[in-house]
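Same chain, two partners: chain A is paired with chain B first, then with chain C.
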Partner chain A sequence: MSIASAPHRHWKKPPLIKSAWLRWSLGLGAAIYLALAFGTTEINWTRVWEGIPRGAKFFAAFFPPDFVTRWSEIAEGIAESLWMTVVATVIGIALSIPVGIGAARNIAPAPIYYICRGILAVSRSFQEIILAIFFVKLFGFGPFAGVVTLAFATIGFYGKLLAEDIEDMDPAQAEAVRSTGAGWLQWLNYGVQPQVMPRMIGLGLYRFDINFRESAVVGIVGGGGIGATLNTAFDRYEFDSAAAILLFIIAIVMAVEYSSGYLRRWVQ
Partner chain B sequence: MLRIKGLSKRYRTGDLALKGIDLDVPDGQVMALIGPSGAGKSTVIRCINRLVEPTSGTVMLNDVEITTLGRGDLRRARQRMGMIFQEYALVERLSVMENVLSGRLGTVGFWRSFFRRFPQSDIDEAFRLLARVGLDHMADKRADELSGGQRQRVGICRALIQNPDLLLVDEPTASLDPKTSRQIMRLIKELCAERKLSAIINIHDVMLAQMFAERIVGLQLGAIVYDGPPDGLTAEALTTIYGEEDWSATIRKVDDETDHENIAAPELPSRHRLAGLT
Partner chain C sequence: MATAIKDGTKVWQRRERGAQFATWAVYLVGVAIFVYCWDLISERTIWAFALDAPAQAADLAARMVPPDWNSIHGLWRPIWDTLNIATLGTVMAIVVALPIAYCAAQNTTPSTAFVRPLALFLIVSSRSINSLIWALMLVTIIGPGVLAGILSIGLRSIGFCAKLLYEAIEEIDESQVEAVRATGASGAQVTAYGIVPQVLPAFAGISVFRWDINIRESTVLGLVGAGGIGLPLNSAITTLAWTQVSLILLVIIATVVVSEWVSAKVRHAII
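Take a look at the complex of A and B:
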């Protein structure tokens, strides 16, 4: 009856992978692959060594940044990037709302669910640069191709997160609205939307921020905006003007970042 | 008058939740549905307004056959049945007023409801109901700022503004303390009497069921095993519903609690403005 007489029972945290054989061979396999991969990577130290002073020279050419010489092009590029961002974010979010609702398993019937998930998968599987190259080929150089690229990428991002947020909602609240005899759109408006709204506003601002950064990238492949200006500056070896553009991009991204963070806290 | 005949529900998992239930609830009757977890209490209620589609059987509310209605007619039929939920099920980020007015969604068009432009008569009724439960000063508070008892009272307003013929009540006291539970149950009972409403109340707490319902139906494994008055719940009856257990405490306590309630009731703090609650 006494506690001391109870035999000691051994306890250890159970391993993640039960089979010892599988556990050890997985570990060993990973180690061998990693060793081989490192062995295959050729590192040419002399080239690294020669590259350092070149990099320093390149970097020095950035200073001092020149805001003046190409000021009108820079201002134009930034204004273009900003409107591209605004238009693409608004269009992208508007299009992603029906897709996102259709891609939420708990509220969409199976065929619509699969179609919408398909759209999201296509939109998400290509990086913005690849999309931009494709749309520039389709629509020619200029900001229109850039806007289409950013809007299309926004659908994948925003639609997927919207769908996931709807899937995570509290079904009891939605059921209660349904029990009052509400129509489907009313049910979305009263039972679903209030539950996902704060997060979606935050994500919309976040996407705005991403789209601005991406607008600089899509310009490099011909999608217009500040990226086009940046690319021209590099092509002309005007590194001081390029530095000015880069500083502008950093400043705007930081401004958007801080203001969106502030807005998101306010919305919550 | 609600008339249920041969109601069965088999879930897609293959579980037979209801095995052909027959149940009549006359107008103005407050009925408690008791039974162990998984007996099918929630399923019964949800089959009546077809939040869960019954597998077979018929549900008639005032000679309208609910089970065969199309979408539009089903919406109108749901308007006739107010539902009160476990854990309130208020839309937490909507205001108290929006939650109450959502009970009118079946009667207004989409754009009116989208812009929250409900008919003045609905708004008057909403304020009247909120005043009745002592919450009219909270109309613009967000639902998640309220306490449990307050939330459930808003839930009751949402159900009543539908101007229903029948209340479907699913575990209204599941997350409330004993005192608030009694207040809520008393409020439901009084409102049913005022409006000559009938109600089906799913409830775990046998004592509460006995205190506030005029008829008790016991459900076990999807079948009705008891149907009678509250004082007919003997130890044997409880054993048929829930299984073997020492029921002497449950049965004896009923009388004690009723006496206790009578003494305690006038002590309700007036600052809670529980108008008509006692």
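Take a look at the complex of A and C:
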């Protein structure tokens, strides 16, 4: 029979990248890059070696962490971080609504569209921490500089998502409201807002979560909040207090994440 | 439909009376919380310093132009370090995230009672601590330098990669796994031929996406001593060399834009 005489072939798994040439050159490129990267990276192994017992001490500090010695500073820092998060999220979202509406292609005229897109691009291209350095220079040390930083970063995040959401909305509903003779603000309030609201509330809660995490960082450069306390704890090698602060941050982030997930489901 | 009587005629309203009051109550509580927090922050702000910010900003901007192009020769090395921190950190994160994601996914985890909660806890703790805080910690432990940067980027990214990856594993098509199992494949073979091919594109996309974020994050790690372009930025700011600061900021923007472009291209090619 002709079937039996067919040559015996093995099945092979199809590769992720189909072109063999591309696959091999990518592999070779990666190998060369890794060799270069490891070859040129300067690592002071004796210093790393010295640090290992210190690292062990740090991890030992988690069992148990010291909440008591620096309690007043920790409580103060956490509270300040929370206020900063609330104020920055509210101001940031309030400012990002006009920017976001202006950056939506389908409802904004061309010049306003480009200006608002420009604002969003500037806000998104810098790290919070770089912004914080400059705002601390401008507004002085303390939580206000942190609030300005977080609010500014919120505009880029929230405004962009709001603009994209408005661009994706159902034009028929907005058209229906307009055909009743509604003014522009009424049209926005009854035709556009109900369509984007559920998702935007969820994103607002998500941004609250991000802002809290970032508020722990802006303190390192003088922007107020728990970051300053954490930085001091590390500088003094008080690992047990630092461990307590880190556990606090993890606990609050988890709590905010869970409750925001719950709230989002309730809203939608 | 909600209506109100106005001058003897029915007028349409958006909400019923009760619902309207409830909405107002929610707004009232929200505004009260905001005002309270604002007041506490305002107490700790020296407004005299904050109010002259526009003058300060104009002054700073005047000092920052033109950028000091001659100092670019000293920046190639920090840029290369930044790239290495981001790339090697991402590689490390992926290697560690794979087993964690495997243990965290509902359909592949060895035990839901013990291993899965542990894996989820690892993911949450890695995600909730910013890479700058990891760097702060590692610089005091293993000393300043590129290694601290690589490790902090890696530790921060483990949670992100593992979370997205385990969600991808949970969304796979079970019938393909079933089909491979029906041929008599062993557990490892089921993973290699039933699960891996399904999550490989998602996996590649996640890695490139995280690499892009890591480029951004590694530009600032130097501020706490963990290597990269943040080191010259920090020294330029502390020595008030504003023309160098503006050059470094331009370099950072260029790096971020290029990495975003590369990442978008690669992800487009994969998906």
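Just so we're on the same page, the second predicted complex is superposed on the first by the 208 of 268 C-alpha atoms of A that agree within 3 Å, B and C clash if a C-alpha of one lies under 4 Å from a C-alpha of the other, contacts with A are read in each partner's own complex, and residues count from 1 in each chain.
In this text, a contact is a pair of C-beta atoms (placed from the backbone, for glycine too) under 8 Å apart; a residue touches a chain by one contact, two chains touch by 3 or more.
Small disclaimer: the values here were computed from a predicted structure and weren't measured.
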| Looking at the overlay, does A:G181 come into contact with chain B only (first), chain C only (second), both, or neither? | first
| query | Looking at the overlay, does A:S25 come into contact with chain B only (first), chain C only (second), both, or neither? | reply | neither
| request: Based on the superposed arrangement, let me know which partner A:T69 touches: chain B (first), chain C (second), both, or neither? | output: neither
| message | Let me test your reading of the model: by the given contact rule, A:F58 touches which partner, first (chain B), second (chain C), both or neither? | response | second
| query | Thinking of the overlay built on chain A, is A:P143 touched by chain B (first), by chain C (second), by both, or by neither? | reply | second
| request: For A:N106, decide between first (touching chain B), second (touching chain C), both and neither. | output: neither
| said: A:E42 in the overlay: touching chain B, chain C, both, or neither? Say first, second, both or neither. | reply: second
| chain B versus chain C, judged by how many residues of chain A each one touches | C
| request: Could you tell me if A:S259 is touching chain B, chain C, both of them or neither one (first, second, both, neither)? | output: neither
| note | Going through chain A, the residues touched by chain B and also by chain C turn out to be 190
| Touching residues (chain side chain A, partner chain C) in the complex | 13, 16, 33, 37, 40-44, 47-48, 50-52, 54-55, 58, 80, 82-84, 86-87, 90, 125-127, 129-130, 133-134, 137-140, 142-144, 147, 190, 213-214, 216-217, 220-221, 224, 227, 230-231, 234, 237, 242, 246, 249-250, 253-254, 257
| field | List of chain C residues in touch with chain A within their complex | value | 14, 30, 33-34, 37-38, 40-42, 44-46, 49-50, 53, 56-57, 60, 80-81, 84, 87-88, 124-125, 127-130, 132-133, 136-137, 140-143, 145-147, 193, 197, 200-201, 204, 216-217, 219-220, 223-224, 233, 237, 249, 252-253, 256-257
| field | Touch list for chain B against partner chain A, complex | value | 49, 51, 75-79, 81, 83, 85-87, 89-94, 98, 102-107, 110, 113-114, 155, 158, 162, 168
| note | Per the touch rule, the chain A residues reaching chain B in their complex are 170, 172-173, 175-183, 185-187, 189-191, 194-195, 197-198
